[in-house]
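Notes to accompany the following structure.
Should a chain be cited, it is by its letter among A, B, C, D, E and F, assigned in written order, with residues numbered from 1 in that chain.
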Amino acid sequence: MVLVRFKQVDISNKPVVYREATAAGRIKLKPSTISLIRKGGLEKGDPVALASTAAILAVKSTPSIVALAHPLKVERTEPVVKLGKDWVEVTVTVAAHEKTGVEMEALTAVSAALLNIWDVTKAYEKDNEGQYPSTAIEWIRVTKKVKR
Amino acid sequence: MVLVRFKQVDISNKPVVYREATAAGRIKLKPSTISLIRKGGLEKGDPVALASTAAILAVKSTPSIVALAHPLKVERTEPVVKLGKDWVEVTVTVAAHEKTGVEMEALTAVSAALLNIWDVTKAYEKDNEGQYPSTAIEWIRVTKKVKR
Amino acid sequence: MVLVRFKQVDISNKPVVYREATAAGRIKLKPSTISLIRKGGLEKGDPVALASTAAILAVKSTPSIVALAHPLKVERTEPVVKLGKDWVEVTVTVAAHEKTGVEMEALTAVSAALLNIWDVTKAYEKDNEGQYPSTAIEWIRVTKKVKR
Amino acid sequence: MVLVRFKQVDISNKPVVYREATAAGRIKLKPSTISLIRKGGLEKGDPVALASTAAILAVKSTPSIVALAHPLKVERTEPVVKLGKDWVEVTVTVAAHEKTGVEMEALTAVSAALLNIWDVTKAYEKDNEGQYPSTAIEWIRVTKKVKR
Amino acid sequence: MVLVRFKQVDISNKPVVYREATAAGRIKLKPSTISLIRKGGLEKGDPVALASTAAILAVKSTPSIVALAHPLKVERTEPVVKLGKDWVEVTVTVAAHEKTGVEMEALTAVSAALLNIWDVTKAYEKDNEGQYPSTAIEWIRVTKKVKR
Amino acid sequence: MVLVRFKQVDISNKPVVYREATAAGRIKLKPSTISLIRKGGLEKGDPVALASTAAILAVKSTPSIVALAHPLKVERTEPVVKLGKDWVEVTVTVAAHEKTGVEMEALTAVSAALLNIWDVTKAYEKDNEGQYPSTAIEWIRVTKKVKR
C-alpha cells in the first residue's frame, strides 16, 4: 500500500521572475479603542509599530507557518497601517525574484500584524466576563499580484 | 532621555488557573473549490488534515508570532473544520493551566489553518490574470473564553 | 591560543546545479498497529497525512537541526508512505538548484516523518509498564542522489 | 460537514509527575571513518561535540518537529556518545516534571544527533558517484521510561 | 569509547522560586546618528520601538540561541532604552518563577536589541568604503539578579 | 490616517555580488575561568566548540533575530576563538552572493557565540550573592567588509 498525501508543487523547472503581492486585512475594534490608539494611549505600546515589525518577521516565518510553502528570499516587505472609525487596516507588499508567487507571504504578514494588534488592544476590547463581543479580524484578501 | 516603548504585561503575581479559549474563522472559497474539497480532489492534498496540523503547530509558535505573548504550556488543542457552501470554517479550542489567557493561541491557530487552506486551494481560486477576485479570510473571532 | 572547532564548508565558489536526493527509512510497529492504521482507526489521526506534512516542514527546518548545513531554497519535496506487515516506510525526494547537495534535507524529512508516526502510534505500542519493547526507527538511508 | 482530523491529547487533567526517558540510536559508518573520528581527524570538526549540542537543541525543538507534541519544560538533557567498530551510538536521557512523557523529546534528540554525525562524515562515506552505499541510521529506540 | 561532551545542568530537583535578572548593554554610535534618532529621522523606522520588540521576542528564543539553556516560561520582560551623546543603552528586566535563573534571557534580549539598533543605523554609520570605523556593541553585563 | 512605521529596504533591483563580512567581539572573564577553559575543566563542556556551533546556527537565525534583515543563503561561516589572559575573543567570517551585505549575520553569530560562553562559564563567574561583578561582553565590531 503506497500512499501520497501531500506534496509541495515542483517549481524546479519554472523561471525566476519578478514577483510582487499585496495583501490587506482589517481588525474591527471599538471606536473607543481606536481613539486610544490615535492618542498613543495603549498601555502595552504603539500597535502600529508592533504590527509593522510583526508583519516583516512573519514574511520570513511563512515557510514554517504555511506547510507546503517554498522557502523564498524576500527582497522587500512594506507594511502600511490605516486607522478607520472602528477598524485598523494593515496592507503589506512583498516582492522577490523567485520561481513562485509571494502572496502567501503577504497574507501571512497581514495575519500576524492583525493578531498583534488584537493582542495589544485586548484589555480594551474585553467585556466584564472577559469575552470579546465585537472584536474580529476581517476581509483578509490579496489586493494585487504582479509577475513580470 | 529614557524611553519605554513596549512591555510584556507582568503576570508574575497572578494565580495559575484553568484557561480555555475557542476561536473560529472562515475562508470564503468558490463553490466549485468547496466541491473539489468534498470530493477529495485537490492536487496538493486534503486541506482539512493540513489545516488541523497547521493549527496545532501554530499554537506552539504563538510566542514568536505575537511579539508580546508569554510562552505557555498548552495542554490541549482541538481543531474542527466545517465545510459550508462557499466557505470553510475552522474552530480551534485551546486549554492550559496558566497565569494568562490562551485566546491569542486559539486565534493564531485559526489564522494559520486558514492560511494553509488558502495555499492548497490557490490554483482553483485564481482567475486568468493570477488575481484572487473572491477569496478572503473572514470573521476570525473568539467564540468562548473560560477561566476557572 | 587560536582555536577553530567547526566550520561550514565554503561553497561560495561552487556552481549552481540541479540537485536531487531521495532518502528512505522505516518504523517497526506491531502488526496490530499497522492494521489499525490501514483501517484509519488511530485516535490521534491519520499518521500518513501527518508524516507527510512533517516531512515537508522538516526540509525547511534542516538548517536549524543540522548545525553545519547551509540554508537552501528547496524547490520540491515529495513524501511517499508505504505500509508493510510490521513497518511503515517513508521515502522523501527533495530537489533544488543549489551549490551543495540536498541529502541532509531528505534525511531530516524522513527522520521527522518517522518521529511523528511514533508519536501517534505511541498508545498502541507501549506495554503495561509504559515501555516500548519492539518499536524502532530503522534503516534510514540515502537511496539516490542526482547532480546535473 | 464537520471534520476532525488531528487533535492533541488533552492532558489538562493529568497530574504533574517526574518523567524520564532514555532513547538511543546508531549510525553505521565505514571503519575508516570511525578511525578518523577517534583520531580527531574530520575536516568539519568533532562529531561527538556537534552531536551532543544538536541533541540538546533538538529536545527544545521537539514541539515544532513532532506536530502533536505538547510544549514541555525539560529540566535535564544528557547525551552520551559511544564509538563502535563501524557505528556511532548516541544515547540521550531527558527528564522533566510534566503531565506527559518525554520519550518523543529523547527520540528527537537522538535523531538530530545522528543526522549531524551523518553531515560531518559525508565526505568520507560517499563513493565516487556521490552515493552512500553503506551509511545508515539504525535502531532508534526507547531504552527506558520512568514515571514517578 | 564512551564520550560525554556537553550536558544541560540537571535542575529537576531544584525548587521553583521567583527569579529576576536585569541586563544592560550599549551600542556606540556617531553623535550625528544619535541626533537623527532623537529627531525620529531614521529612514528604516524608530530604533527604540524596534529594539524593544526584538528584546521581548529574543527572550523567548533564548533556548534556541543559548544551546544549553533550559526552556522557561518568562512572566515579564521590560526593555528600557536610554539615549546618550554617542551611545544607546538598552536595559532589559526579565522575571519568572523557575528552577533556574533568567540572566541568559536578559542578556540575549539586550544583545538582540542592540543588533537591531545596529541594523537600522547602518546607513549612517558606514564610511565611504562601507566599513564601520567607530560602531561597536559594548559593556553587556548583568546589573542585578534577584532570587527569592 | 495612514501610517508607515518600519520597512525593509527594497533590494529587488540591486545586483547579486560577492559579500563577505568579519565581525569580532570579546567576553571578559576571570583569569581563573580562562585557566579552567585552557585545561578543559568546565563542567558543562568545551566553550570553544559550543561557541563555534552557536555561531554557525545563529547566522541562519539572523532573519528572525534582526527584524528588518533579509533572508540570505550564506555560503560560508567560519568562527575562530582566541583565548587571552582575561578574555575570550570570537571572530566570525560570513560570505554569500547576495543583493545585500552579511555584516548583521556576522555580528549576530559573534553575539550568540559570546552568550553561549557566558552560559557555560556562569558557575565560575558568579560571586557569593549570585551576581556577576566583572563578566561583560565587549567590543563587538565589524572588522572587515568585502564586496566585489
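One rule holds in what follows: a residue touches a chain if its C-beta (ideal position, glycine included) is under 8 Å from a C-beta of that chain, and two chains touch if they have at least 3 such contacts.
Keep in mind it's a predicted model, so treat the numbers as computed, not measured.
Chain centres here are C-alpha means, and the one lying farthest from chain D is A. Looking at A-E and C-D, the interface holding more C-beta pairs in contact is that of C-D.
Where chain D touches chain E, under half of the residue numbers in use are shared by the two copies, so each contributes mostly different positions. Between chain B and chain E, the centres computed from C-alpha atoms are 31 Å apart.
We define each chain's centre as the mean of its Cα atoms; on that basis chain A and chain D are separated by 35 Å.
For this pair, chain E with chain F, the centres built from the Cα atoms lie 13 Å apart.
Shown for chain D are the residues that touch two or more other chains, namely 5-7, 9, 45-46, 49-50, 52-54, 57, 61, 64, 67-68, 71-73. Contact topology of the protein chains: irregular, matching none of line, ring, star or complete. Taken in their complex, chain A has these residues touching chain F: 18, 38, 46, 48-49, 52-53, 56-57, 60-61, 71-83, 95-97. Residue ranges on chain A touching chain C, taken from their complex, read 1-12, 63-64, 67-68, 70-73, 99. Listing the residues of chain D that touch chain C in their complex gives 5-7, 9, 25, 44-46, 49-50, 53-54, 57-58, 61, 64-69, 101, 103-104, 107-108, 111-112, 115-116, 118-120, 122, 129-132, 135-142, 144-145, 147.
The touching residues of chain D, counted against chain F in their complex, run 45-46, 49-50, 52-54, 57.
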